[in-house]
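Encoded as structure tokens, here's the structure I'll be asking about.
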Amino acid sequence: MSQAARPNQAFFTPARLEAFSDGVIAIAITLLIIELHLPEIEAGLSVWNSLQQILPNIAAFLISFMTIGVMWVNHHNLFKVIRHVDHTALVLNALLLLMITFVNFPTAVLGELLLTDEFGNAMIFYTGTFAVTAAMYSVLWRYAAYKHRLLGENPEPSVVRTISRDYLFGLLAYLSAFAISFISPMLALIVTFGLAVFFVLPSRRV
Amino acid sequence: MSQAARPNQAFFTPARLEAFSDGVIAIAITLLIIELHLPEIEAGLSVWNSLQQILPNIAAFLISFMTIGVMWVNHHNLFKVIRHVDHTALVLNALLLLMITFVNFPTAVLGELLLTDEFGNAMIFYTGTFAVTAAMYSVLWRYAAYKHRLLGENPEPSVVRTISRDYLFGLLAYLSAFAISFISPMLALIVTFGLAVFFVLPSRRV
Amino acid sequence: MSQAARPNQAFFTPARLEAFSDGVIAIAITLLIIELHLPEIEAGLSVWNSLQQILPNIAAFLISFMTIGVMWVNHHNLFKVIRHVDHTALVLNALLLLMITFVNFPTAVLGELLLTDEFGNAMIFYTGTFAVTAAMYSVLWRYAAYKHRLLGENPEPSVVRTISRDYLFGLLAYLSAFAISFISPMLALIVTFGLAVFFVLPSRRV
Amino acid sequence: MSQAARPNQAFFTPARLEAFSDGVIAIAITLLIIELHLPEIEAGLSVWNSLQQILPNIAAFLISFMTIGVMWVNHHNLFKVIRHVDHTALVLNALLLLMITFVNFPTAVLGELLLTDEFGNAMIFYTGTFAVTAAMYSVLWRYAAYKHRLLGENPEPSVVRTISRDYLFGLLAYLSAFAISFISPMLALIVTFGLAVFFVLPSRRV
């Protein structure tokens, strides 16, 4: 690092922003585990009965872990194309991190309520959170890509098109899951799980 | 990294200190989420009634998330100008991190008490924490900027002036919020929220 | 970092993946501590009686800390040989991080149940988690090493052989501990502890 | 990073080990805050009465935060002189991180028991943890410095002497606090606080 006192016009480099974002995402994904607690084991029952009782929580944990994992890959891909960061991008990125961190809460709510009458509302909350997060990704990307505002001088058109298409697809997919959760929470859960698996499939580009 | 055993006169580089600080701030901002818990859902009520009950906690979470986010940007801007670190700066920075970490506690207290008789005291505690944190920023900056002690050889005068003015403004703003919390806790809450939004506004320099 | 907009064919570098993994592992290992809680001290008893009561939790904490520590060293060694990352490796690595994060849960379960009738089942769950984690390591390594898919052009044959052998040994060792836990949970606990110590022994290569 | 497949003789660089250690220390110091909880506010009492009730917890939080902060500076100073890492150093460093992480637990215990009959035992546990941690620092340093095993070719003799002397002093200081805790827990608390302040004093070398 140069010790000279140059003017600081561009205060934030994408690398720095990404490192901080990585930290927040790594913590958010790891904190998911602390919501898993074994319920009191009643007389005559075993660990397996207890684990069975919290299967909904484990399912919610797994889906959220996978989904935040996919979000991390998306975030990284984004910042491979973004070459500059301005204040608006900083703020949009912060809102994205807010949503990713927030995922912990609807995950806990879903785990708690998956087998109750409130399953439907929990799924609306859960898929709604993912839909807002997907929307935040799209907003950040649209802002960055508009007239190549934050991209390099000569971005690969195919890369830009691919990201635009993928993000639109992701947003529509989570909006669909959100809509489905009003009709059939179980179907919405399966769709959300399926989306996580789909985005994780090796056939997709990294 | 050179393997040679040169004398270590300047043990800490600003880059290293900033990386550690980034880690602490990333954890502090992410830990805010674990204070959000859905209360037991009573018979005949839904998830939405429960969420409504913890709206104060969600509001406190959001304001603190935004405020710590702004603190992170401030911290980063600071260390773009600071070129050397001495022991005093190290200690002042540690006190700053202590305050940023501490924000988790008054946030939880505020969320718990926002709708109770103790709202006023909770706001005094909450805004007081932010005022002390803003003061710590000013102390660290004044120490670094005094006779350009920790700045580079030729710092941009306009950058130095801008930081000095911004920090003074921030300190006065949070002192005002603190003072207001004695008179009207609700107004103080609105001011604190407004300050977070204001500091987040894209019109500000990054 | 170059500001030019080159095509991003290889989106993920091993260095970046390792940094993110390090973050997750560092958090997973540190979170182990928050499951340690002193039970209410009853009248006439002291801190030491209370600590004695949670000795099982402390033992589980220590074994898990050592085991995750060893996993970190393994992960690092792996990524010293792996020179490229493709999507499958990314996903396999994510599953590995999922397992390492998950260790927190069976550790808490084991600590809770070590002195109860459910000790056996808790050990099956605990050693089973380690066995699956060891299997994930092997799968990731086999995938990377197959026809030197993700290794450099000319990997040291002895390094490749050593990792292959070590991982096979680790997998067999944890499968054995898993099998033993069905017969004698106490022996399985001793074996798991012994394995952690063995892998930590200075005689092993770094 | 070179993509060539050179032999990996020295798998761990001090830089990498330090980055991982920084992560663990940053998390350990930040997790301290989640043990601070406001007790239920009884009728007729205010936030201030509640805060007063947990003053012991706040005191324990502050002392531990300062002490872990000092440990971080020590750790960093150590790795400015250590130029190589072997397996033993890796293991000793892991034990050090284990102790630093563990500090969270006696801190919570002390906060809980500071105003009870068990204050003495809690202080023995608390100071004992710091004494063991200081001992771990000394062991790691002695191992690294013995015949300049892990130092560079030509370490500054004055730096080596200074670290040796400082660590010996630190160890003796915490052993004294440990001994005092058997006689007067309150004096031991004051000494522990004083040591944290002393090590933080700007007069000390960074």
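Observations, loosely collected:
By written order: A, B, C and D. Residues from 1 in each chain.
In the analysis below, a contact is a pair of C-beta atoms (placed from the backbone, for glycine too) under 8 Å apart; a residue touches a chain by one contact, two chains touch by 3 or more.
These numbers come from a predicted model, not from an experiment.
Think of each touching pair as a link: the shortest run of links from subunit B to subunit C has 2 of them.
Superposition on CA atoms relates subunit C and subunit D by a rotation of 90 degrees, given as a multiple of 5.
Distances between chain centres, each the mean of the C-alpha atoms, put B farthest from subunit C. Each chain gets a centre from the mean of its Cα atoms; for subunit A and subunit C, those two points are 25 Å apart. Averaged C-alpha coordinates give centres for subunit A and subunit D that are 35 Å from one another. Across the assembly, subunit C contributes residues 19, 23, 27, 31, 34 that each touch 2 or more other chains. Interchain contacts (touch definition given at top) occur between A-B, A-C, B-D, C-D.
The touching residues of subunit A, counted against subunit C in their complex, run 13-15, 19, 22-23, 25-27, 29-34, 36-38, 41, 46-48, 51, 62, 65-66, 69, 72-73, 76-77, 80-81, 83-84, 151-156, 159, 200, 202, 204-206. Subunit C makes touch with subunit A in their complex at residues 1, 3-8, 11-12, 16, 19-20, 23-24, 27-28, 31, 34, 85-88, 90-91, 94, 97-98, 101-102, 104-105, 108-109, 112-113, 116, 118, 121-122, 124-125.
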